[in-house]
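Let me give you the structure first, and then I'll get to my questions.
Every chain is named by a letter (A, B, C, D, E and F) in the order it is written, and numbering of its residues begins at 1.
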Amino acid sequence: MYKPIDSSMSPRFVGPRSFMRLEHIRTTENVDFAVIGVPFDTAASNRTGQRYGPQHIRDFSVLLRPYNYDQDINIFDYCSGVDYGDINVIPGNALRTYDNIVDGLTPVLENDITPVMMGGDHSISLGHLRAFAKRYGPVALVHFDSHSDTWDAYYGEKYMHGTPFRRAVEEGLIDVEHSIQVGMRGPLYGPEDIEDARDLGFEVIPMKDVFKLGHDEVVKRIHDRVGNKKAFVSFDIDFLDPAYAPGTGTPEVGGPTSHEALEFVRSLDGLDLVGFDLVEVLPTYDSGEITAVAASSVMFEMITLIALKKRRELERK
Amino acid sequence: MYKPIDSSMSPRFVGPRSFMRLEHIRTTENVDFAVIGVPFDTAASNRTGQRYGPQHIRDFSVLLRPYNYDQDINIFDYCSGVDYGDINVIPGNALRTYDNIVDGLTPVLENDITPVMMGGDHSISLGHLRAFAKRYGPVALVHFDSHSDTWDAYYGEKYMHGTPFRRAVEEGLIDVEHSIQVGMRGPLYGPEDIEDARDLGFEVIPMKDVFKLGHDEVVKRIHDRVGNKKAFVSFDIDFLDPAYAPGTGTPEVGGPTSHEALEFVRSLDGLDLVGFDLVEVLPTYDSGEITAVAASSVMFEMITLIALKKRRELERK
Amino acid sequence: MYKPIDSSMSPRFVGPRSFMRLEHIRTTENVDFAVIGVPFDTAASNRTGQRYGPQHIRDFSVLLRPYNYDQDINIFDYCSGVDYGDINVIPGNALRTYDNIVDGLTPVLENDITPVMMGGDHSISLGHLRAFAKRYGPVALVHFDSHSDTWDAYYGEKYMHGTPFRRAVEEGLIDVEHSIQVGMRGPLYGPEDIEDARDLGFEVIPMKDVFKLGHDEVVKRIHDRVGNKKAFVSFDIDFLDPAYAPGTGTPEVGGPTSHEALEFVRSLDGLDLVGFDLVEVLPTYDSGEITAVAASSVMFEMITLIALKKRRELERK
Amino acid sequence: MYKPIDSSMSPRFVGPRSFMRLEHIRTTENVDFAVIGVPFDTAASNRTGQRYGPQHIRDFSVLLRPYNYDQDINIFDYCSGVDYGDINVIPGNALRTYDNIVDGLTPVLENDITPVMMGGDHSISLGHLRAFAKRYGPVALVHFDSHSDTWDAYYGEKYMHGTPFRRAVEEGLIDVEHSIQVGMRGPLYGPEDIEDARDLGFEVIPMKDVFKLGHDEVVKRIHDRVGNKKAFVSFDIDFLDPAYAPGTGTPEVGGPTSHEALEFVRSLDGLDLVGFDLVEVLPTYDSGEITAVAASSVMFEMITLIALKKRRELERK
Amino acid sequence: MYKPIDSSMSPRFVGPRSFMRLEHIRTTENVDFAVIGVPFDTAASNRTGQRYGPQHIRDFSVLLRPYNYDQDINIFDYCSGVDYGDINVIPGNALRTYDNIVDGLTPVLENDITPVMMGGDHSISLGHLRAFAKRYGPVALVHFDSHSDTWDAYYGEKYMHGTPFRRAVEEGLIDVEHSIQVGMRGPLYGPEDIEDARDLGFEVIPMKDVFKLGHDEVVKRIHDRVGNKKAFVSFDIDFLDPAYAPGTGTPEVGGPTSHEALEFVRSLDGLDLVGFDLVEVLPTYDSGEITAVAASSVMFEMITLIALKKRRELERK
Amino acid sequence: MYKPIDSSMSPRFVGPRSFMRLEHIRTTENVDFAVIGVPFDTAASNRTGQRYGPQHIRDFSVLLRPYNYDQDINIFDYCSGVDYGDINVIPGNALRTYDNIVDGLTPVLENDITPVMMGGDHSISLGHLRAFAKRYGPVALVHFDSHSDTWDAYYGEKYMHGTPFRRAVEEGLIDVEHSIQVGMRGPLYGPEDIEDARDLGFEVIPMKDVFKLGHDEVVKRIHDRVGNKKAFVSFDIDFLDPAYAPGTGTPEVGGPTSHEALEFVRSLDGLDLVGFDLVEVLPTYDSGEITAVAASSVMFEMITLIALKKRRELERK
């Protein structure tokens, strides 16, 4: 049973910076969730430096405590978790990196451990989805982001951080009929940036519609769309307004507050969630660790969802 | 026809940092709008460094794309635009700088090009208004700011960043009966700071009233006030709450979010807008480019308004 | 009669950085309120550096002007105030520091001057409450914070920044039946983190309930709870969302905006307020002085409350 | 008798940030030296923000202790000194600022107090020299800088930070036959940038010659040049290499280390020094307070020179 | 004839940030030297972000003036120069980027224009050398760096920033018998890191030997080695000690000061220099623009070498 | 056998930030040296935040490679080493922290492992010396620093970062007859600050004398003084000039370059070195990781000394 060091007995700033002060160990035994870094940033089209994202999140995450007051659950009453370390990425080579991601995730998924991945630029989600599809077949995607990331290519390059979900559809990794994207906004190349995602089969709720529909209706649509399919949650930190997450590659104003964003994550409880990623944290544009606070908190809510699912499973027995 | 470099073919960080990757060229032929910097900061009473504002905005603005999803228009379907460069300001000399602004703007305005000016401290708006009045006679002012900037003098100096609109009224540059100020807040020297602006003839909606009246009513009052007069929009970035725009000279808490602020700019569609400025961006107090994101986005909405006006004109024909 | 230097006659950046450009003088004659720094940070369990908090607030506070538009009062029409300087803290020794706080506050309180203390980490509030209880007996506490700070100990240490209010109850310094805590949120060690505060006798309104109840109901509960008791207001800057106050020791997302927070402070008008502290400003994690703006503004509202109380007293006569 | 607070009894970070923890008082009685800020930056041609220089130096200077080991003297065994505060500068108006400098310095000089001025951009030295010439007639100038600052004008403006010493010669404020400039380097507009200073009558030792001649020969030339004339020392922090002082307006590589620079200041002992300034500290480009450390240390050596002169005068009696 | 804008007539912070305020134009007519950016950073093995290097250098370089006092020459008396803009790099694809470099440089070299390239990570030098070899055949390399950059591969990748000179030798681009590397130091993987470079044919003077041999002897060895061959100078900013250039990818302590480094560049006068690059400037780790100052100054000396060569050619006629 | 991960096979930014990419493991088997953090900063009298020093050094140290070119040795040919993690310090309580240090070091020293400690403020050296004296009896101290740290108390507190070596002498932990301090400089409280250290029995070579005596003579004096006694090396990062190490608590200008400082550490080869500490790294004042580079490099040289000693021992057999 792995759980965080007790910070009321040992100061938070003591010792290795692992996620949430969990043990830094690469094991698949007695583990329910594994936090895994993917420090890859070759595929970023604008700002770069997402390679330092996982460590930046870990540095702040030592502040996290085990009990979630909003969801009324102590994670470690139901789960054992570890900081599994980072995937050995290959700077400059997305395809070899995807291979390493799949190789790294395979034993985790085969042991029914729920991975919580930390990027890294968004191109890594293609690697994640390859691993998940290998294990589960196509999965439903719940995607929070200010961009659809369904472009075809940049400068003739196919594996960039704005293309993973088009590639994933092409490769048959996503159960697109049960997939949904939320939060798209900002200047676009054209209306086709949204329409193309819809043409690929996604339901898309741009931020403009989020404001109109309201939280509850958006949540309802997500649940209706995903149903009881196995689902993967991909959360780009630029879903948040830049005031709440400046440290990212392509910030777009007019996004939700951290409170609103966390409420969306909490509302996913009840879905059959099999994995998560949190991407595009870029420390060199963070300030005062504002972004690290937000990212850590989103991941805390993701892990809580794992615990809630465990509790439901236990209660069902 | 001038439009931005296509960033899906050429990376955004390549080449000169012009606004929105528009061509950096000083021409008045085949141009509908011109982005012009005014890197002047002599008249700042508190923090200084606004001279680097235009470049800071340009640096971030390379992320802007041409299609506005909220207004459903591709700017460059209707407009040709350039980065016209900067006015040759004279540090330490506001009056000679105003002369240079007027000289610089005259050919632009005479060719019916809509200028979008980037400051620089707010004192430059007096220069802008002199040029506009020379071309159009007194114009209606739509002024978003946390301060009225209608003080008389600081330390005996008449041309400071807190005095341009009193000077402009005195010089007959503003059609004050059709002018309105929105967003005033923060500690004041006294109630006269607001009353004086009203005594000069402005309608003033302090932030306190914005919260009370709500977005729609404020928009209605702006449209009622301005009517069909030719209007100039002056947007001080400190209109935004400091969480959304820390990089400015005299931040005041309790302001709108970037979403709310953009909605106000979008709502100006329909007015007869002939020019814009966006002032008081101060990079040395920005962090993680939060302010640059906001300022670029406000300017993107301003340019969209120009495109919308062009489209209406075309449709009318 | 002490009031700020007039910044329309002398630039704000001239001269010593005292709070609000008040005179830096240690006197108790003709003074209604005294701003006092307590640059202590030994008791911080996570990030440290709060020792520079008071100076950081002073540095920004020179922007404050004397008239409060929201409350419609010019502070210095009713009050004389000074920057009393800092308490001579003892780094590494909380208990000796408390003694110095009590010694320093005693002449202030005996002269019926209202102190506005600037931390420093939250452990100093125990010192403040000792001084207030010595003068007034147990006082009602109005506590805005994202944490209850009623833990018993860290690593066996009893005087830490997470323990002052438990100690204060144990020492009988607080009239706990009339005390209230607002804003608690974030990951906890367990539900007991909130329950323990309630067991000690506090009314606790966690942030989750603030969102549900709404501003007006929360204000009503504060007034009902405190009644006509002499009250001390302790405001931890981490009550604010990190987007509005990143520069603090233990930020928690999902907090109020600065507008919402100021409205809570303004709403305390009418209570019998005898003292204030504003703690946990940590400049090394601030960015672009966002936190300093917020902290200065909260203190401006606190001082306004003193002026409003004075005005009521005058009107009563 | 004014001397610093004892930092072994009171922590350095307690209380107002005055230079060296001297009393912040505007008196001319029982004072031997006065530290005076001149937060003026209107005349900066490139980077701006020198208005915050004096406070930045004060913030770090609390680390200074009273005994100079290199010169073997405790300053306060021979001197009483105060932080006299700042001159009330007029942003945007150099000429009115010079008037205020002269008015401010007159009582200081008339009481035979040695001023140590902190800038502010280098244009302020013209104000200083006006005040000194009024009291003493033309003074010898010992000028450490990477620029001669004897240009005639920028953009037609005569009172800029690159012109004060030409103006001073024109106004007859400098005894140019006994004046010397040391350290000039970096790209120039032409050889005339150095030759013009020589034509005005200055001896100029560019940095290239400092490296060739060596420390001792340069010191000899300074002493030979100045002789027994009353001398004013003007030290531009950009004399130092940018690695040792990044926080300045026009840094030039290839300068001395802080050790070498301090040795030059120490070597001035024996001259009849009547005043000092230290200019061009620009906090927004400082990093980790490197520049503040250097500037504080240079000023510590200046004040030591005052004490050494006092000791010699006492010993002579 | 292209030369910089006169900064005594127009403030440096006005207008587009081109290198040295040269015209931003892509022409090969009437041009002697062309400054060209290569914002590529995919091949960086440790820190990334060199894509912003060219713009960072341009931003500071506006301070450069045309006359070199140390070499006694006004560059623009003998040369016309432009800021040619950036090569259209392909993030994530080194090989396609090399093609673009070669395509971009070909017209420049065919017109006998001397390019001064700004990186970007050091992998780009392979692109540069391909273009030079195509035009001139194998060139002598004068290489200042703290690393030999002759490793074979990282993680199986052949085109990384530590491998360009091994690749260049393999491809026959370098006249290795007349090539020399200076400044290697810091922890290594083994003695072979130096020996391999020697085995490839380079003369190597590690920093340890630079300290022993002294400046003059090192200069003599460079001249002896290169002789009258056409030479390319590759200058990695990490040749400088990190105190003088913190903003780089793999800093190594114990390097030269900026003065010492510039003296080495100046000493290359007399060689038949046909091209230059300055690489590995990484703005996100710069502080106070220390590195930008150094890089701009090194490039200023490179351009001076071009002017000196032009003068010699003219005098020979 | 523990050695670093091979960074030519796995990128440096992958995985946990352990010192030099050594395994993060708390074992005493098959270990020759152990890097141990002591994140304590309660005893800092001026700036605080040294608690983040160990992690800051670790973050940069991933760049270190195993072979030392200057000393011609591959560390891991002779040594096995680990990152042992951090001592569980008690913020606010120096004495309990010392107990934890002694408890933590005891098994390390009993297994003849050489510890390399990372602070934390300098007060921790008292803990280190207690542990070493317990194992070896009083040890010779080789102390590089800009301060003697032999004050008696601050504000009545005995265990502060300026007092450890007086305490250590009083407690009989140091063989003071064979101990030496090098580098003292900067403003002092009086000549007694140096004299007191001498009165305690230390040989003291202030920086002023280092410049006079030269490197070789200083090294000779160190070796003469220490002789064949077991020696502990305490290196305060403020020994370096602030240009080379700005990130520290009490910087003093006029110190050595990083090259000169490393040469001193290298010159200790031949002494019977049993332990090391490197203290006072303060990340919040570091910029561009300049200080982290320097600190990592000093520690690399310390570990090299351990390897050299091992090699000598092997060769002797």
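The working rule: contacts are C-beta pairs under 8 Å (C-beta built on N, C-alpha and C of every residue); 3 or more make two chains touch, one makes a residue touch a chain.
Just so it is clear, the structure is predicted and the values come from calculations on it, not from any experiment.
Student: Moving only from a chain to one it touches, give the least number of moves from subunit B to subunit D.
Tutor: 1
Student: Looking at A-F, B-D or B-C, which pair matches A-C on over half of its contact pairs by residue number?
Tutor: That interface is repeated by B-C.
Student: Where subunit A and subunit F touch, do the two copies share over half of their residue numbers, giving same, or under half, giving different?
Tutor: same
Student: In terms of CA centroid distance, which chain is the most far removed from subunit B?
Tutor: Centroid comparison gives F as the farthest chain from subunit B.
Student: Once the Cα atoms of subunit B and subunit C are superposed, what angle does the rotation have, between 0 and 180 degrees and to the nearest 5?
Tutor: 120
Student: Could you work out how far the Cα centre of subunit E sits from that of subunit F, in whole Å?
Tutor: The separation of the two C-alpha centroids amounts to 38 Å.
Student: Rounded to the nearest whole Å, what is the centre-to-centre distance of subunit C and subunit D, using the mean of the C-alpha atoms as each centre?
Tutor: It comes to 41 Å between the two C-alpha centres.
Student: For subunit C, which residues are shared contacts with two or more other chains?
Tutor: 10-11, 13, 45, 51, 88, 90-91, 154-155, 241, 243, 287-288, 290
Student: Each pair of chains that touch: what are they?
Tutor: Between chains, contact exists in these pairs: A-B, A-C, A-E, A-F, B-C, B-D, B-E, C-D, C-F, D-E, D-F, E-F.
Student: Taking the complex as given, what residues does subunit B use to touch subunit A?
Tutor: 7-13, 62-70, 72, 74, 241, 243-244, 257-259, 262, 287-290, 293-294, 297, 300
Student: Show which residues of subunit B lie in contact with subunit E when the two form their complex.
Tutor: Subunit B reaches subunit E through residues 10-11, 13-18, 24, 37, 39, 51-52, 55, 59, 85-91.
Student: Which residues of subunit E touch subunit F once you look at their complex with the stated criterion?
Tutor: Where subunit E meets subunit F, its residues are 45-46, 151, 153-155, 184-191, 193-194, 206, 208, 211, 241-243, 246-247, 250-255, 285-288, 290-291.
Student: Going by the contact rule set out above, which residues of subunit F touch subunit C in the complex?
Tutor: Listed in rising order, the residues of subunit F that touch subunit C are 41-45, 48-49, 51, 88, 90-94, 96, 154-157, 159-160, 284.
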